[in-house]
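You will see subunit A twice below: alongside subunit B first, and alongside subunit C after that.
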Partner chain A sequence: MGSVSLIILTIAAIVFSAGGILVSKIFVKGSKNPRKGQPYECGIPTETSPWKQFHVGYYLFALLFLIFDVEIIFLYPWAVVVKKVGMMALVEISIFLFILFMGFLYAHKEGALKWM
Partner chain B sequence: MFSLQGITNGIEKWLHNNMSANMALLVECAIVIFLAISLFAILGLILVLMERKVAAHMQIRLGPNRVGPFGMLQTTADTLKLLLKEGLTPDGADKFLFNLAPFVIMIVAMLILAPIAFATGFQIWDLNIGVLYVTAISSISVIAILMAGWASNNKYSMLGAMRSGAQIVSYELSAGLSIISIVVLTGSLQISEIIESQRNGWWLFKGHIPAVIAFVIFIIAVTAETNRAPFDLAEAESELTAGFHTEYSGMRFALFFLAEYINIFIVCAIGATLFLGGWMPLHIGSWQGFNHIMDFIPSSVWFFGKTFLLIFLIMWFRWTFPRLRVDQLLSLEWKYLLPISMFNLLLMTVVAIMGWHF
Partner chain C sequence: MSITVVLFWFLTALALLSAIMVLLSKNPVHSVLWLIVVFFAISGHYILLNAQFLAIVNLIVYAGAIMVLFLFVIMLMNLNAETEPQKNTWLKLAGAISGGSLLLILVSVIRSATDMTGRTAQVGEGNIGLISNLGKALFSEYVVPFEISSVLFLSAMVGAVVIGKKD
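Up next is the complex of A and B:
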């Protein structure tokens, strides 16, 4: 169908989700109660906001992911032509992956992959 | 012979004969919207029921069996119940992001449907970078999960979203690398060409050991990407109640729940397309008679059969392996799967260049 299908599918998703939510809005008569709006914490009153500092480990893994994800994007065009280029492609990708793997080993040595 | 391609071609011809070109296109768009929505609804109903039935039989019990024959209407009843529940927004939540997140996750799930080939010539958009498109779009779903967790103003949601983000982002790498190792063999990113290249055998069998390794890594990675057990830390019930969708209720919760199952279907469909030949029937070398019999089974049956086989495999994992800890999860990916899949890619390149595959 061509690129029109992206718009069509987006419309389909919005119609589907909004339709469900609207139908339930029509049927449901909610009751008012101040306790209802409290965040769910297993019955204990909430202390402090959740919007504060979190574990630095997530940030480290996000950074590592960024490096490797860019590498994978570089691999896609290579993978398409590898059969045509032949042996040279293997040599080139070996060098590419070797450099990347050295970086990976460095990150490992520095303890970036350890969850504390 | 009955085929979905014949039906779609017939409809298109009829529309173009009876209407102007623009009108025909509009009607086609409406049909696609209708089909996509009904596919979502039916898949959701079937997969939730299948999950419960598989779980029940793994534990030697019956599972849902009261509503309808063999409990087939159980999920319909559950959906109706969720429809009649009030959708709450907690105090102090970021209301805009909180309401936007279910829409984003549904849009992402819907958009990945575009390049999937359901049967011979039955594909919404056969774009030339199909595989890249799938990986690119599917990584947007992590934004929806982080949005939901952040906006909920709840510590469980926040923790669940953070864990889920780290997990999805990590396992995307080895999933991507195993997809690339199949692209090395086919030399094309287009889904239809990848399927066409498996006419005389599926890549799982043709690609020797590297293809098998890639398949195993792909299945592990997609299980983690869809937040399924044993990688369901993001919604570990016993510690985080429900993870990033703790605060969601009513229809918004149903949308998250549905998107989870749709994502399982989609990743299994991609796995079936890349490794098991999509809608291609099982052909063995020069067994003419056998190949001819296999050709009589419609292509849509092959596609859905393979996909549901993989879905069953992923459901089987849930009742086989205990849940991992977050440090075990990340070290499994970064210390084992990623180096193995990088090495496997080199191995696959050697196989492809030397022509050792069949």
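Up next is the complex of A and C:
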């Protein structure tokens, strides 16, 4: 029953947060004036569309983040079983982390982590 | 009807509806957000199947990291409504026909799989997806593939750096 109660909690959290937004949508008197979206008293008016082409550097950072994210995923089961498996597990994870650390060193040396 | 069955149908409906919304959204960023809802629903299914670790991994990696990559791809492509080329009618027709054929094949395959009819997934049973069993298998039986996966990550990282730094 543990997982069922977890899902009920999730649904309750969604209903709770979405309920607030919906209630405020219903009861608050909104203004549809386009001036409402403009910067008020400070800031310059926007000129062109904000849909600009992004620099590829963002993608590189996201890709590196993804790889280390997956690496962390492997550490969770390791942390659970490390006591049972013993010394072997420590050696295995050391090799794993060492190989990935080499990649990190390479990215650092190439200046991939420097912004632009 | 037990609460598990209710949850199963709720999550199924949520996944299917959000998957349809992924296709119907005009704004590609909205499509990505609907896809995150699909991943959440599928994670709910994983929890119902007693695979909690897989559910969390699905959320962290897919809904978290890979969707960020999707968003960046959309941003990189510079999808303006004005500059976006309009697909012609013949192309849309061809897409509908090929997609419909694929659907037909899938439906016929599922209908011909007679040993699957009348069976439902075993909900809340089995312990293969639990993190301790997974870790035991990963660090005793499947050590070599695990270490090779680190080499895979290394090559992905080097490839990303080489392509990304060229500009």
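Note that the second predicted complex is superposed on the first by the 93 of 116 C-alpha atoms of A that agree within 3 Å, B and C clash if a C-alpha of one lies under 4 Å from a C-alpha of the other, contacts with A are read in each partner's own complex, and residues count from 1 in each chain.
FYI, contacts are C-beta pairs under 8 Å (C-beta built on N, C-alpha and C of every residue); 3 or more make two chains touch, one makes a residue touch a chain.
Please read all numbers here as calculations on a predicted model, not as lab measurements.
Legend: residue contacts after superposition of the two complexes on their common chain; A:Met87 is shown touching subunit B, with no touch to subunit C. Contacts of A:Thr10 after superposition on the shared chain: both subunit B and subunit C are touched.
Once the two complexes are laid over each other on the shared chain, residue contacts for A:Tyr58 go to subunit B and to subunit C alike.
With both structures placed on the common chain, the touch criterion links A:Gly111 to subunit C but leaves subunit B unconnected.
Contact with subunit B, but none with subunit C, is seen for A:Phe27 once the two complexes are overlaid on the shared chain. In the superposition on chain A, contact is made by A:Val70 with subunit C only, not with subunit B.
After overlaying the two complexes on the shared chain, residue contacts for A:Ile99 are found with subunit C alone; subunit B is out of touch.
With both complexes placed on chain A, subunit A has more residues touched by B than by the other of subunit B and subunit C.
Judged by the document's definition of touching, subunit A residues 3-4, 6, 10, 49, 51, 54, 57-58, 62, 64-65, 69, 76, 80-81, 84, 89, 100, 104 lie at the interface with subunit B and also at the interface with subunit C. Residue ranges on subunit B touching subunit A, taken from their complex, read 25, 28-29, 32-33, 36-37, 40, 82-92, 102-103, 106-107, 109-111, 113-114, 124-125, 127, 132, 150, 152-158, 162, 165-166, 169-170, 172-173, 176-177, 180-181, 183-184, 187-189, 241, 246-247, 250-252, 254-255, 326-327, 330-331, 334-335, 338-339, 342, 345-346, 349-350, 352-353.
Those residues of subunit C that touch subunit A in the shared complex are 3-4, 7, 44, 47-48, 50, 52-53, 57, 60-61, 64-66, 68-69, 72-73, 75-80, 124, 131-132, 134-136, 138-140, 143, 146-147, 149-151, 153-154, 156-158, 160-161, 164-165, 167. Residues 1-6, 8-18, 20-21, 23-25, 27-28, 30, 36-42, 49-51, 54-55, 57-58, 61-62, 64-65, 68-69, 72, 75-76, 79-84, 86-87, 89-90, 93-94, 97, 100-101, 104, 108, 113-115 of subunit A touch subunit B in their complex. Remark: subunit A residues 3-4, 6-7, 10, 49, 51-54, 56-60, 62-67, 69-71, 73-74, 76-78, 80-81, 84-85, 88-89, 92, 95-96, 99-100, 102-104, 106-107, 110-112 touch subunit C in the complex.
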